[in-house]
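Pasting in a structure now, in structure tokens, and then I'll have a few things to ask.
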Amino acid sequence: MHILEAEGLTLRFGGIRALADVAVAVPKGGITAIIGPNGAGKTSLFNAISGFYRPERGTLRFDGADITRVPAHARAALGLARTFQNVSLFRGMTVLDNIKLGGHNRLRAGALGALWYLGRAAAEEARLRAEIEREVIDFLEIDHIRDLPIDALAYGLQKRVELARALAMQPKVLMLDEPVAGMNREETEDMARFILDVQEERGITVMLVEHDMGLVMDISSHVVVLNFGQVIASGTPAEVRRNPAVIAAYLGERAARRRVA
Amino acid sequence: MSGAIDWLLLAEFSLVGLLSGGVLALIALGFVLVYKGTRVINFALGEFMMVGAYLFWTANVFLALPWWAALALTLAGVAALGALVERFVLRPLAGQPVISIVMATIGLGAVLHGLAEAVWGGANLSLPELLPRKPLLLGEILLPGQVLWSFALAVALIAAFTAYFRWSKDGVSMRAAASDPVTAYAMGIDVRRTQRLTWMFAGVTGAVAGIIVASMTSLSPSLGTVALGVLAVVILGGLDSIAGAIVAGLIVGLLESLTVAFVGGQARDLVPYLVVLVILMVRPYGLFGTRDIERL
Amino acid sequence: MTAALSVENLEVVYHHTIQVLRGLSLEVPERGIVALLGANGAGKTTTLKAVSGLLPLENGAIGGGGIRFRGERIDHVAPHRLARRGIVHVREGRRVFEDLTVQENLVAAANALAGRAAQPDFALVYGYFPRLAERRRQLAGYLSGGEQQMLAIGRALVAEPALMLLDEPSLGLAPLVVEEIFGIIARINAERGVAMLLVEQNAMAAFGIAAYGYIMESGRVVIDGPTARLVNDPDVQRFYLGYGEQTTEVASFRDVKHYKRRKRWLS
Amino acid sequence: MRIGDFHASYRHDEALFDTRAQRVWLGLLLAALAAFPFVGGSYLTYLACLLGIHLIAAAGLNVMTGYTGLISLGHAAFMGVGCYAVAVAERAGIPFFLALPLAGAASAAIGLVVGIPSLRIKGLYFAVATLAAQFVLGFVFREWESVTGGVRGANVPAASLFGFELAGDRRVYFLIAPLAVLMLLGARNLFRTRVGRAFIAIRDRDISAEVLGISLFRYKLAAFAIGSFYAGVAGGLWGYFFRVATPELFGLPLSVFYLAAIIVGGLGSILGTILGATFMTLIPEFLRALVGWAEAFGLEQAGVYLAPLRQVVFGLLIVGFLVFEPHGLAEMWRRTRRFFHLWPFRT
Amino acid sequence: LHAGLGDWVEWKNGQGGIAGRKLRYVAEDSSYKVDQSVAIFKKIVAQYKPPLFYGDSTGWAKAIAPELSQLGSVLATGPSFASDLADPAKAPYYFMPGPTYSGQIEVLLEYVSRSAAGAAKPAVAFVYSDTEFGRDPIASGKAKAAKLGIPVVLEVVTKPGAVDVSAEVIKLRRAKPDFVIFHGYVLAPIPEFMRQMRDAGMNARGMGTIYTMDKTTIDQMGAAGAGFLGVMPYRYSFDTEKTPTMALIREVGSRKPNNPWQTTFYTQGWLVGMIFEQVLGRTLGAKKELTGPNMKAALESIGKWDTGGIFGVPIALKTHSIPVGRVYLVKGSTIVPNSDWITIG
């Protein structure tokens, strides 16, 4: 069963075709990796799915419903969460508030209630706080940095906070754009462990854009390869790795050969 | 009245309006230069204009120097002022949010305004005419001389600056420094120098505009308020587009003239602003402004 | 022979309060490539910023120790002067001038030649990176990640550096491009004799081209040595190369997930 | 000495005034506010009223500009809307406790309209666009004579409650001060909830906020509505206080005054709003004292230079603050406080 | 102004004060900001309890009007000649030291009307600023023109500091007025208007109101000012007709260095002092308290009062204003009377 299906997505910037008739089907509950050369359109695909870019053509189905015309913020409310290639945390807030922001759509307080902070507004804030502490902060082991401003965090921790914020959204599909870029082996292992837990224990479908082939090949169940905005291959990691087109456009001989499991 | 005369009137208003956009473009240029070099709107531009005009008055009227010597002195003076401002206000603020820097220029404006009033007094002074007044008669249509000449001056200055930014190495360095100062340093660009240069240019164009405006009206510490009205021109053209300044200047000049003609002087500021706002809704970075690259 | 770069007991503090480097020492020989590895937040970027003089621009300050370039102290030289003397920093995250074209980015970098007799040699850059030549008139902001990295390195080349500081050149790049860029870095080093200090997370790639390596942790160096020796160090193998317990093979990420390991070098 | 905060529950951790000491201080503060006009004398009461109005308006601007990042150069015009609204409401016989919310609502409604371009126009372009709002509203104040009295302005009758006229500074004080306290508290509360977080997220990076589920349309407009509601109430109070509404009162200089107040105080900080507005309200007093001394020391002409001097000092203070304390008075306060761990307020 | 009133107080105290009492003059600068000037007013009233107050702008006058009525102990005045301030019913404790702006326009229109030799009355155009100052007298001015049978061919509204007036001049050129009445400006953009009108070959005459007609301002106009006409309620300090008060003003004023002649403001300050003297003298003379109503009565009792030459005719303050003025002509570098004293309404 597919939780997310894209059909014929086409997106152009001036003369550049970022996406050309892209069709992707994401199986529910798995880890789907999107790989491809720089500028192939991976981030653009994520942007199109999360509603930040409006494709010229194509349809998007999510969890059985057509979401092609749904605005970005409403897609998030439906259960599409993501992290960003260039960390995009809110620097004016503490770590905790950043994570709380993920719970935004599950709260109901309006501006008036917020002004007086009485009754429901206060109660739901407290509930959200408890839930975040339990399910996100403890899980990702970031309790010690809760009250720090974002600027004080090392890059790896920032990425983890981004993941925390996305998890606080209680998503059905989690899209991770280069979650381990700039991390060394050890930190990558930590992140891999979180991603696997999210998928296996919480049943959240994961989509992953990543250039670390070690990670992609080890943890994903399904790989889609983009090049020049087009899908050039898809299948299991093992299939994709042997595909000559993928090797020529993306992997290169060395990476393809390395560590054949 | 017959239809024919109405057309003539319309043509006259339009032409005068278009041309008087020259002064607007000249002032707008001052805004654009600073924005291009530092990504800030210089709300003290009006006061730069005012100080420039006062310096010119002092040299030309008070000290009775010939106009070219007075002009040279004035330009040197405002360039120095620009450099000082860069050194003591803008440089320490590097890295602060834009709004803080904008506010600092507002504060700077107040300081210059106050100082000018303390030094030269609050009364109105008048400057001699610099631009030839001889009007040009096109049939029935009369084009005031100073309007024509200020238009020509604006076009010339704008062309010069466009070329400078596009092709000179300093111009490219200035743009690079504005785009990412830290990297610019790492590439061997003396960012302080480029920023100082930016503010010196701003002072110089401001002073030229100020002298022209003051010679058309009168010189008082509040001369600078005209600059605020020109912001409509600047955003219409695009904050960082030099060529946009002239095009938008023409458009707004035309709009103002037609507003005066058919609506009334009380709406003179308003109509252009509203039109600009509508255009901006369609083109959020003005007609020629570079759009920010927004990628996630 | 003096080293191209030598850093002795460097201490760096941000905002007068946050100490990041605590007595770091390292050396880059003339014409050599040296790799600098370390966890996130160890202070690698900070080290490079200290060398290239960018530190004060980010509210950091050198609190102790010294930096020498070809024997001369350079701790308090302004960054643009350092660039003009041949120390060029390719910053983390590419940092191209987005609203300048590719060609203008190179022209801007030619500022580093001020005071030198040399003329900027753009053809050289386009020779190493033919892809940039095709995109000469395009705004750099719209280049792909790999192209931007190429531009960043190309920009540094225009400056005819004696010492290049490269901060994670492989960050976010496709495997093929990483290979290509590392190849070019090695070529630049070999053909033009540029000394390089290379900060990298991709330890495998870094060890592939560097002769000597430093591994840092919390602001100081914990292991260093010729790369040939480092690749055989069991700790390096486990934490930087990803070898599994008891094996000399890279472990699968699936296998490492259920036990948590924390490496801490005692020093 | 307090070494750390220990909290029994998350709810407690989220409380605004969480220790007994803080509550005691708060009580004392309120008592002092209530006693002020009886102790302070008429001129100080006048100043306190003015400050109350400035506080409310500045808090509104800080919600828009400091927290949400929408730079507004038209705040004074929104105040004007509130002031005229009160004038009109009083003419229609509506009592002040309805007229003030109405003033806020009228201003908020207009704020919504002005806020719409913010969805497409960003940064400094938008700041200039709000300048258009300043000019347009000024134009309306001048030209819509039947309602605003045109350039001559409109008079505002005194607020009255059951026939008891709230005329004179001391009585108006008791209208202004409680409202100011309440509205500041409201603004503070806002940022403990999802609404406030959404605002800050939009300020920091609106496009990623949207992808995270925040409707830019709704929240940018909400920020405008709240900010201009505050301005409207402040404007209404202004009307009851000065009893007159003329177009030139609500011009660009006043907008700039508020911007200066929140920047000097600290953007995105309620404490900053309080400190900044207080500071800006007191500058003229300070200057007057300065000139007084100068004259006392025989500088007869000091008075003549007061006007330019005031400008220079105003400008220098702003520039100086930005250069030496870019995060505003609030940050200065926090730093001082770090020395005194004992201090009972949590920020 | 400050100088005028200050010098008067000094001089008067030198003469022994009013009814044996010394005067104290407290001054503060408000930089023409309404909230500032209101604040100053409140502070000075609270601190010194003065019987008389000289304030600044129209905005100030309006803002304190309710306060003033309520206080009932201060008599205030200011440089604003806005028509609705001169209304003893609405603003009982406010008066103005000259004719209202409407009055000034009426004087000009009277002059225009009288200047017509033949039957056809000359055409006028109004050019005024989009401010309260500018708009104040326009409606009544038009009514007056209609009454006198003077055609008003054009009305032009501009910003107060307008820079570019070429479009407006086009309109003026087409409308062909004989007189152009400027109001609501001090100086700019009047000279540019005049210059452009000359450039365009028009020979309409420009006319101005009190604050334009100060010598300093006229000097600034330079060549463009030649032939300019304007209404002025007071004599100039350099007036060739010698009068006692003007002589005194000249003498006191020129005690300061570099002060060969005095400005309109100076004269106005002096005049205000004299009116205050009358009010105080009359109130205290009648052995009454210095309360608002008493001072108001005293003020209104001033009639047929000879100012010693500031005005060419005796004046009254019944209406809380002084409806007198005459038209002056700019001739070379000086300003000469060009009409008799005209009393309005």
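Lettered A, B, C, D and E in written order, each chain numbered from 1.
In this section, a contact is a pair of C-beta atoms (placed from the backbone, for glycine too) under 8 Å apart; a residue touches a chain by one contact, two chains touch by 3 or more.
Please read all numbers here as calculations on a predicted model, not as lab measurements.
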| Partner chains shared by chain B and chain C (touch criterion as defined above) | A
| field | Number of hops, chain C to chain D, where each hop joins two touching chains | value | 2
| task | Report the chain whose mean Cα position is at the greatest distance from that of chain A. | result | E
| message | Please tell me whether D-E or B-D has the greater number of C-beta pairs in contact. | response | B-D
| Which whole number of Å gives the spacing of the CA centres of chain B and chain D? | 32
| said: Need the CA-centroid distance for the pair chain A / chain D, whole Å please. | reply: 41
| field | Intercentroid distance (Cα basis), chain E paired with chain B, Å | value | 36
| note | Chain-centre distance (mean CA atoms) for chain A and chain B, in whole Å, is 47
| task | List, in ascending order, every residue of chain A touching at least 2 other chains. | result | 52, 84-86, 88
| Sequence positions of chain B contacting 2 or more other chains | 266, 269, 296
| message | At least two partner chains per residue is the criterion; list those residues in chain E. | response | 130
| said: Dump the list of chain pairs that touch, please. | reply: A-B, A-C, A-D, B-C, B-D, B-E, D-E
| field | chain C-facing residues of chain A, complex | value | 13, 16, 36-39, 85-86, 152, 154-157, 178, 181-190, 192-193, 196-197, 211, 213-215, 218-219, 249-252, 254-255, 259, 261
| message | Considering only the defined contacts, which chain E positions touch chain B in the complex? | response | 130, 156-159, 161-164, 166-171, 173-174, 186-189, 191-192, 195-196, 199-200, 216-217, 220-222
| Where on chain B does chain D make contact in their complex? | 35, 41, 88-89, 92-93, 96-104, 106-118, 122, 221, 228, 231-232, 234-235, 239, 266-267, 269-270, 273-274, 276-277, 280-281, 284-286, 289, 292, 294, 296
| request: Spell out the residues on chain D that touch chain B in their complex, using ranges where they run on. | output: 65, 71, 117, 120-125, 127-129, 131-132, 135-136, 139, 142-143, 207-208, 211, 252, 256, 259-260, 263, 267, 305, 307-319, 322-323, 326
| remark: Interface with chain A, chain D side, in the complex: residues 9-11, 13-14, 16, 186-187, 189-190, 192-198, 200-201, 203-205, 207-216, 222, 225-226, 268
